[in-house]
Amino acid sequence: MSGRAERGLPADYIPPLASVDPACFGIAVALVDNRVFTAGNAEQAFSIQSISKLFTLTLALGMLGDSLWRRVGREPSGDAFNSIVLLEYERGIPRNPFLNAGSLVVADALLSSARAPRETIGEILRFLRFVAEDDGIAIDPVVAQAEKATGYRNAALANYLSSFGNLTNHPEHVLGVYVHHCAIAMSCRQLAMAGRFLAARGRNPATGHSVVSEERTRRVNALMMTCGHYDGSGDFAFRTGLPSKSGVGGGILAIVPAVASIAVWSPGLNAQGNSLLGIEALDILSRRMCWSVF
Amino acid sequence: MSGRAERGLPADYIPPLASVDPACFGIAVALVDNRVFTAGNAEQAFSIQSISKLFTLTLALGMLGDSLWRRVGREPSGDAFNSIVLLEYERGIPRNPFLNAGSLVVADALLSSARAPRETIGEILRFLRFVAEDDGIAIDPVVAQAEKATGYRNAALANYLSSFGNLTNHPEHVLGVYVHHCAIAMSCRQLAMAGRFLAARGRNPATGHSVVSEERTRRVNALMMTCGHYDGSGDFAFRTGLPSKSGVGGGILAIVPAVASIAVWSPGLNAQGNSLLGIEALDILSRRMCWSVF
Amino acid sequence: MSGRAERGLPADYIPPLASVDPACFGIAVALVDNRVFTAGNAEQAFSIQSISKLFTLTLALGMLGDSLWRRVGREPSGDAFNSIVLLEYERGIPRNPFLNAGSLVVADALLSSARAPRETIGEILRFLRFVAEDDGIAIDPVVAQAEKATGYRNAALANYLSSFGNLTNHPEHVLGVYVHHCAIAMSCRQLAMAGRFLAARGRNPATGHSVVSEERTRRVNALMMTCGHYDGSGDFAFRTGLPSKSGVGGGILAIVPAVASIAVWSPGLNAQGNSLLGIEALDILSRRMCWSVF
Amino acid sequence: MSGRAERGLPADYIPPLASVDPACFGIAVALVDNRVFTAGNAEQAFSIQSISKLFTLTLALGMLGDSLWRRVGREPSGDAFNSIVLLEYERGIPRNPFLNAGSLVVADALLSSARAPRETIGEILRFLRFVAEDDGIAIDPVVAQAEKATGYRNAALANYLSSFGNLTNHPEHVLGVYVHHCAIAMSCRQLAMAGRFLAARGRNPATGHSVVSEERTRRVNALMMTCGHYDGSGDFAFRTGLPSKSGVGGGILAIVPAVASIAVWSPGLNAQGNSLLGIEALDILSRRMCWSVF
């Protein structure tokens, strides 16, 4: 189990991600009874990339409530994560908040509340440190810089959204927020800890503090199930029966409602840009533990 | 709560469906402990239409196993139920088995096993009567005839699939099977009974007999969650957190894993072709009973 | 100049076309001063296929006048000849009468005038024999039969048009007319003769009899220029500067307004389904003779 | 003939264009025998907008020759001028050089030759002054500024092209060149003069100096015929039979090969963004003078 065929290849369009050792594999399981199990490279920080969209969405829903849904849909797209086609057909309303275009709208909403890009990024970081109970979480400046330099596709999406009036801030500023939250680095342990509130009906199971309402937690989990893996979402739901969100850094956060928050990481990706071994691991774990929600 | 705005309008492209009284509403809940609760017009038979696709899929998976997935995908489409666009882009492989095109492939697979259209339709009916424990289930010949007469779009899809070599039988014969299983008439009670095996890990909870394997049950439920309501699937999952399958006759079958099979019926539809009051009822019920899987 | 790379390959989806000798090449030039020059296999009949659409369009415009344009557009499509995608986006109105879908609408219009498929086909043949002054023109029954047997894609298009109400006759009957006019066999000489009225302001230059009005002739030529070669139309106009219509049998009819009607034939096709050597020959001829309209 | 229905409305997405008096109408005809006829507001400068693409294309072909066609196609698109959809399907190669995306590639090619945006814009202006024999042609700085401020859609296209590696300069710089050449202001007289070389086989008919080769002239005219009016190109060719290029400022430059260069201007536009009265005028003129190339 060492060849490229079995593990996939790391994302190559963001140079620092391409140089990560494809042999890495880590997993952390945070149970709602506060036990945490880890294995492999579970303490090594990796770029969470699109998994961050889950936390910016939660934050934006907390600030704006359901008015956010006037600017972004809740339907799976059947298209690649960075497709611009549907935006034209749907007049600038992204299909869901986990597509790059949808997440740019979420970043714009956060930016409108926090006033400036720096403050917005700070707020996102504070939220992640709060839910993970870990002040060591930080942005990887090399990754942020690399994405900014090569992110023409995201710049196209942001400008396109602006042309339909669906960004209220300058595209450059929105892209600044987006690129930085995607460049947040976390270990499997940190990520599993950060996801606990989604497994525990919106509360931190250690402290009992409410992060979001129980109903909103259910809804975010539903979005993860239908849209969390781009055009591989249906297949992942079919195989594991778990709501989850993937990132091109090779991480996946999966939620077992009322039971556990699970983070896996392996940098090799499949054709849809999701961690090949990560999916495999979650498939086996979900079957052995009977953790499918279905 | 009597206006058209609150209830939607019945499907008008199949004449016999357009004439159903929009004031009808029925619900039946079959618990896995074998209790059944009903309310409203729960004993009145209606055209199950696309809900039948759930049962033909189950039947085809039982016969062919996972080889079926070489001919049809498992991803939500983001398109309307009768779209032909994706078929062209994806070279004749329908996105999922609940789209009309996908269901025609399933009908073709069943037809190849049973040899003749009449036998295939008979087998589908027998399966439904078996899982519902009700020999009164039958096809509405008026609906079948009406669909056959006006079904140019489905004829286009069938011929298109044939042009890519993804039908093995003559399009006319496949359409015959398809039109007849969509024209099956069932009451809410019959439908809730028929869905029990999906709530009870693949078994009939009354007799303990296995209908399909537990794993396959989970997978069919996952497909219902991601693709069960066409381009309204994401929204339905978001609102109710339940796997379900809708039909343009106004019926919806929803599954609460390990708890219940629920059938609702009200003929008025929303813009995506799903029962407007049916969704409302399942939303309220799922919230009051905390039945979301998330 | 004998390899496959230089000549392309004959169409393979219609079996009788695939068996034509790819080494064939013929050309005929009918000048408006009534001289005719021929070279190569100019007397050998081949399947004119889509070139027939030019003549059915002329016939339909003569019968219906500009009301035909309510049912079919006049814009190049940028898509392949048998694409169904645009039909969905444009609600059943084909982009132009030279796409398969557009030509089915033209066949339907002819069928509505002539009452029955057999009469319609007879009328199309009579028109071709009249403009070519040649009673030897006939339908190749083997080609007609072969297309009927494998024409699932065209059956899909016809049914799709019907689903939008843009066919008034039964799809089967429209397909019957379409398949038969595509199966007409003509030699280069016959084809060049048949096209003279388009070079001679709507008149037969030998007899002076008017076939269509001068204005309509100009308009049909304009359509040939913008839409005559499917998604290769722009490139052909760019290279030769001549209005023309191609067919997958390897024939091309090109018009030099006020000068000549040219028919070339060579069965090997390029990626867009147009005769590779035929285009080459017209390119050279148009340059040497300064026949570009530009 | 004064109502909005007869004249259309000026483009409203570029504020300075929206404020132009819709009652304006001008026409200038420059014959290859050096006579010039004008009528109406033929001396009033207007924003030539996309008509400038014709001249940047000619300039780029002169510098790069046919290697330009590796980066942009020659096919009509069937889509709106600013569509981004085809770019995704065709991996960053615009369909033709008159679409906004195609023209950005042309601007990038000019920029690579001239080194800096300011020099590139200067070169384009010099070329126009040279072919029109008029040093009074200038850029309207108010229009350039307005487009820069609101041009999110073009910024999206430029970044998208960059993401496919089809721009070699920074998108900002390419957009700078593009916005400025679109903001060039010319009168009908100046425009008709500038187009003479396209009517006179590549030469200035007054001086006999060669601007481009005769063959290239023919090819540019062919592109104008198939692609000059976006998704209204087929219809314009059908009606007038003349190669031409339109702009959203309400101008149209039409060429009668070997006869005349014609500029018309009227700011009210039709649904495809082409001058409504301008098309009408060219339709009548072309018919009366028998100027159709067909």
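Labels A, B, C and D are assigned to the chains in the order they are written; within every chain, residues are numbered from 1.
As a working rule, a residue touches a chain if its C-beta (ideal position, glycine included) is under 8 Å from a C-beta of that chain, and two chains touch if they have at least 3 such contacts.
In this text, all values refer to a predicted model and were calculated from it rather than measured experimentally.
Farthest chain from subunit B, judged by C-alpha centroids: D. Over half of the residue numbers at the subunit A-subunit B interface are used by both copies of the sequence. Chain geometry summary: the mean Cα position of subunit B and that of subunit D are 54 Å apart.
Mean C-alpha position of subunit A lies 32 Å from that of subunit B. One inter-chain figure worth recording: subunit A and subunit C are separated by 54 Å, centre to centre, where each centre is the mean of the chain's CA atoms. Chain geometry summary: the mean Cα position of subunit A and that of subunit D are 45 Å apart.
Those residues of subunit B in touch with two or more other chains do not exist in this structure. Contact between chains, using the touch rule, shows up for A-B, A-D, B-C, C-D. The residues of subunit A lying in touch with subunit D in their complex are 83-85, 87-89, 152-153, 155-160, 162-163, 171. Subunit A makes touch with subunit B in their complex at residues 73-79, 86, 95-96, 215, 217-219, 221-223, 225-227, 231-235, 237-239, 241, 243, 255, 257, 287, 292-294.
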